[in-house]
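Please go over the structures that come below.
Okay, so subunit A shows up in both of these, paired with subunit B first and subunit C after.
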Partner chain A sequence: MNGKALPYLLLMPATLFLCVFFLYPFVLVAFEAVTRDGAFTFDNFRTMAGSWKFPATVRNTLLLAAIVVPIQLAMALLMASIVSRLETGRSAALYIFAIPLGISDLAAGLIWLAIFDQSGFLNTLLSGLGIVDRPIMFLGYQSKLTIFIAVALAEIWRASAIMMVILVAGMGLIPKEYYEAAEVFGAGPWKRFVRITLPLLRPSLQTAIILRVILAFEVFAVVAALGGTNLPVLMGETYNWQFTLQDRNVAAASALLILAISIGFTLFFLRVLRVPKEARI
Partner chain B sequence: MKTMLRKLAGAALALSFAVGGAQAQQVLFWSTQARPVEETQKMRDEVLKGFDGPVDYQVAEDGPWLTRLQAELQAGSGTIGLLGGLHGDFSTVGADLVDLSAVDVGGVKVNEAYKKLGMLGTGEQKYMPWMQATYLMAANKQALQYLPPGVDLNTITYDQLIEWSKTIAEKTGSPKFGFPAGPKGLRHRFFEGFLYPSYTGSMVTKFRSPEAETAWNKFKELWQYTNPNSTNYAFMQEPLLSGEVWIAFDHVARLADAFNQKPGDFVAFPAPAGPAGRGFMPVVAGVAIPKTSPDIDKAKALVAYMLKPETQIATLKATNFFPVVDVKLPDDMPASVKAFGPAIAAMTGAPDALPALLPMGLGDLGGKFNQVYTDSFERIVLGGEDVHGVLEEQAAALKAIIDQAKAPCWAPDKPSEGACPVD
Partner chain C sequence: MSAVAEAPVTAATADARKAGDWLLVATAILLSVWVLLPIYLLIVNALSSPDEVTSFPKRFFPSFDFGSLSFFINFAGVARALWNSVLVATLTMILSIGFGAPAGYALSRFDFPGKGAFRFLVLMTRAFPLPLLALPLAVMFIRTGLDDTAIGLALVHTTLALPFAVLITFSLFSGIPVELEEVAWTLGCTRWQAFRKVILPLALPGIAASAVFAFTISWNEVFAAAVLTIENRTLTAFLLQSLGESPLYLKFAGGAALVVPALIFIFAVRKYLFAMWGIANR
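Let's turn to the complex of A and B:
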């Protein structure tokens, strides 16, 4: 076999898969978003943006991403640093930190629902300790802030580990010599982290942040479980347009909007966190 | 012992053959009804077991149900043998349903009015009525002591309900009226079939009338005494059972569990009346065969089976939906059926009864139609927006939907030439 063709052959199945299950449906969706009854139109986007809930969905989604992702980044860095530094029990710690990864997002939402529900763990605890005499309603329509906090907590708990896994792999790639040299010159742990780990971790950070930001725009099941329709988000509205309102065209428009936002942020992070070729390890 | 083992092994082998052989010809019953997992299981174990041949009873929410059906219809071939759904589910796909007029139901008398509904305004029997239900009020017996003097549950009005809920909230310190306002709750049906008809005598035409404004203001008043958790409720039976809620409105199938688990604790009673009458919504479910059904004869046999009196009684026990054929109910019915029967009779037979049908002729715009009422609720009651302003805006949305569907008026609105007007 020709050695030059081999890489392409090996890429073939994945490429085919992407074409059939991503590219082709994407073209169909894009087509549906800009047509109605066969005619080209931007009405679907107008309908979507004209809905009274639309501003709230965009605001909630962006706000959620803006709050959740930085916290997750900080936590993932912390967890990854701990795991990387451990001499013994490294894999045990890694496994424990990664447990939430094995749980579906709906299940994660339900777990936190069991905590925040009116008859949930938190209320039982509070009334058991005598702090409250009747259960507090954390997830009612009047308490949008607590719903938001609950969703943010569930998201942070559920998805920080995926960033951690990427960052642990990235930290493993940083040569030990840099740290040894830094120690010789008397750099403390914080200085070593800021001056060595962070800059050399940039490629992994980039991957981790992009992945998480995209996932943050697709947040759906956790919100559905904890907030119902009290905290509308973009993905939930897309589902609503498709299944409750039976309007595929507007749902497609909404899906394209999510895609556009995701691509926008991906490009942004690619640019901001780019690593010049000469600087790569 | 050995022979016993051998017999068992033989039986297991025979069973596996039977199951394997039957797989090919089983009928897929694709339904939007009996969706709670216990009901689905009862449909399989108790209702469909008696049919001659295996039936695969599968349920889906309305959206996915329709999406799969439409995909099969578009592809021109399918695996769905029989469809189960509400009147509104079928109105979208009427043209692709097999005519069922020739199905032999063996002398069973099927409700004529419902049969006519099943023709979807054509000359063919597009779906066969399968079961029926409605919505009711339920109350914990503890609530009865706070009933305002002189109020008869069977003739209760919205004003009395508000007063009653207010008294309970004041006396017990927490609001105890419950309303299924969660995303999966049937809140829109309450506004369409109960609140609007009771105050305006209409569902569509008088959407933004002064009477409608009164109705929304009354509901806002009631909402003050409504458990704020209501926006998370889908089925009212759970909050009734937990005692979180003492008075509730819901679909009978979503109240039944409370009555069956604690038969002595609850009473069922008719929906309240407003100035225009006692609006209520009868619900009709039907079975239909899509043109792409792999075995139409077998599916027709299943339709006839679903209408047999024994099947209808088994269905009632499994789903709490009542029969649509003439049948005498046996005495061993669940507590919920015993409680609901008289309440339904009192509601439908009341002198001020005002039946309001499910939205009709909207096709796949049904979801958007419901959303108009849900949005009005979310904006007026939850969001505290101005009633008049919201109704003006939502009326425009409602008019656009009705005009697009060209849907003529249905009860309680007066028949119309062309699309039902939104005044």
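Let's turn to the complex of A and C:
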């Protein structure tokens, strides 16, 4: 076999697959979003934006990402620091911290439903402590704030693990000598963290943040399990347009909006957290 | 931290270090409780009778009554949904490794024009909300007869899992010295023989781990599964679509059915988590 053709042959299946099932549907969804009955139009976007739920949908999605991602980042940094410093029980801690990585968002929603439901464990705890005498309805349609808190907690619980694993891997790449040198010059743990770990961790931080922000805009099943339709988010509305309202074109427009927001934030974080070539390790 | 201290350690810093160690362990335990407690509470619910699940106040220990679980297993459609989930996830696993591993190998061993473009294509898929691709594909699948089939859904899930398969196998093969292959060549092996006899055995555990990971991605996916299946729902799609009307104990038993395999999957791939998420990102 010709050696020059071999890499292309090996890449061909994956490339063809991505063309058919990634690029092609992407073009289709873009096309469906800007047409109706074959004619070019922006009506689908107007219909989407004109829906009474739309402002709340966008606000909920962005607010959720804005609250959840920074907390996740802090938790992931804490977990990663602990894992890299532990001497005994390191792999046990790593496994436990990584468990949510394998748990779907739907399952995570159901897990937190067991806690926040009216007959759930939080109410049992509160009444056991004598704080409330009757179970509170945390997830009713009138308690948007507690639904929001429950969703945020479930998301923080579920998705810190992804960031943690990326950051642990990144910390493993930082040469030990830097820390030893800093220690000799009298830098405390906090100073070592801020002056060495954080700057050298920037590539991993960038990956972790971008991945998490994109996933945060896709929040869907956690909300469906905990809030039903009481806390509308973008992905859930897209699902509604497709199913409940049976309008493929508006669903496509909604999908494009999620895509645009995702790309916008990806470019933003690529720019803000860019790593100069000469600073890479 | 290094065990041998170069500078003379005073009693004060030794005390501070000991306190720091305690704080470290305490925080680790606290965070472990934060991760494990919610799962435990779901399992308690799943292992209680339906009456106990809806009653109040609750007990924090399971009564080991299998009423909820047996109701769940016997609930119409559950067995089929479970089977569909396994089937779709298995197909996804086969497809993503079958397409991804050769690409990962090519990226790790060859330099050729177009390599950058391919890497870009793979990385780009990570920046897109891929489950949304199910929307246009629903139409395409109806035309080709793939709608509501396991293979149709598996194709979409493969789009999700393939980039990871490529990146994981890329870092796996990159970790195996090319010299091993070269030695095999000089000893008379063809490229394929060298790969099969030398490289593959070394890479196999890692490939297995990334296969398990592809399985997990498909097992957990909700949106595309709900959009693309009607009769042949996966477990996630089934649970999502019955969220509104199903009783609480059905939801919790279903949640437990989703969680328990996930615990096993993560345990199976724990050694390779970094190859998947960390180094593969560079």
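Some points to look at:
The criterion applied here is as follows: the second predicted complex is superposed on the first by the 267 of 281 C-alpha atoms of A that agree within 3 Å, B and C clash if a C-alpha of one lies under 4 Å from a C-alpha of the other, contacts with A are read in each partner's own complex, and residues count from 1 in each chain.
Note that in this section contacts are C-beta pairs under 8 Å (C-beta built on N, C-alpha and C of every residue); 3 or more make two chains touch, one makes a residue touch a chain.
Everything numeric in this text was worked out from a predicted model, so none of it was measured.
By the touch criterion defined above, A:Leu139 reaches subunit B but does not reach subunit C. In the superposition on chain A, contact of A:Trp52 is made with subunit B only, not with subunit C. After overlaying the two complexes on the shared chain, residue contacts for A:Ser119 are found with subunit B and with subunit C alike. In the superposition on chain A, A:Ile174 contacts neither subunit B nor subunit C.
In the superposed model, A:Leu245 makes contact with subunit B only, not with subunit C.
In the superposed pair of complexes, A:Phe217 makes contact with subunit C only, with no contact to subunit B. With both structures placed on the common chain, the touch criterion links A:Leu94 to subunit C but leaves subunit B unconnected. Of the two partners subunit B and subunit C, more residues of subunit A are touched by C.
In the overlay built on the shared chain, the residue A:Ser127 is in contact with subunit C alone; subunit B does not reach it. Contacts of A:Gly228 after superposition on the shared chain: both subunit B and subunit C are touched. Taken together, the two complexes place residues 118-119, 224, 228, 242-243 of subunit A in contact with subunit B and also with subunit C. Residues 1-2, 6-7, 20, 24-25, 27-28, 31-32, 34-36, 38-39, 41-42, 44-45, 53-58, 60, 95, 98-100, 102-103, 105-107, 109-110, 112, 114-115, 118, 121-122, 125-133, 135-137, 139-140, 155-156, 158-159, 162, 166, 191, 216, 219-223, 226-227, 236, 239-240, 243-244, 248, 251-252, 254-255, 258-259, 262-263, 265-267, 270, 273-274, 276-279, 281-282 of subunit C are the ones that touch subunit A when the two sit in their complex. Touching subunit B in their complex are the following residues of subunit A: 52-53, 118-119, 134, 137, 139-142, 224, 228-230, 242-247.
On the subunit A side of its complex with subunit C, the touching residues are 1, 4, 6-8, 10-11, 13-15, 17-18, 21-22, 25-26, 28-29, 32, 75, 78-79, 82, 85-86, 89, 91, 93-107, 110-115, 117-121, 123-124, 127-128, 135, 157, 162, 165-166, 168-170, 172-173, 179-180, 183-184, 189, 203-204, 207, 210-211, 214, 217-218, 220-221, 224-225, 228, 235, 238-239, 242-243, 248, 251-252, 255, 258-259, 262-263, 266.
Within the complex formed with subunit A, the residues of subunit B that make contact are 61-64, 66-67, 174, 182-183, 228-229, 231-232, 242, 244, 364-368, 370-371, 375, 378-379, 382, 393.
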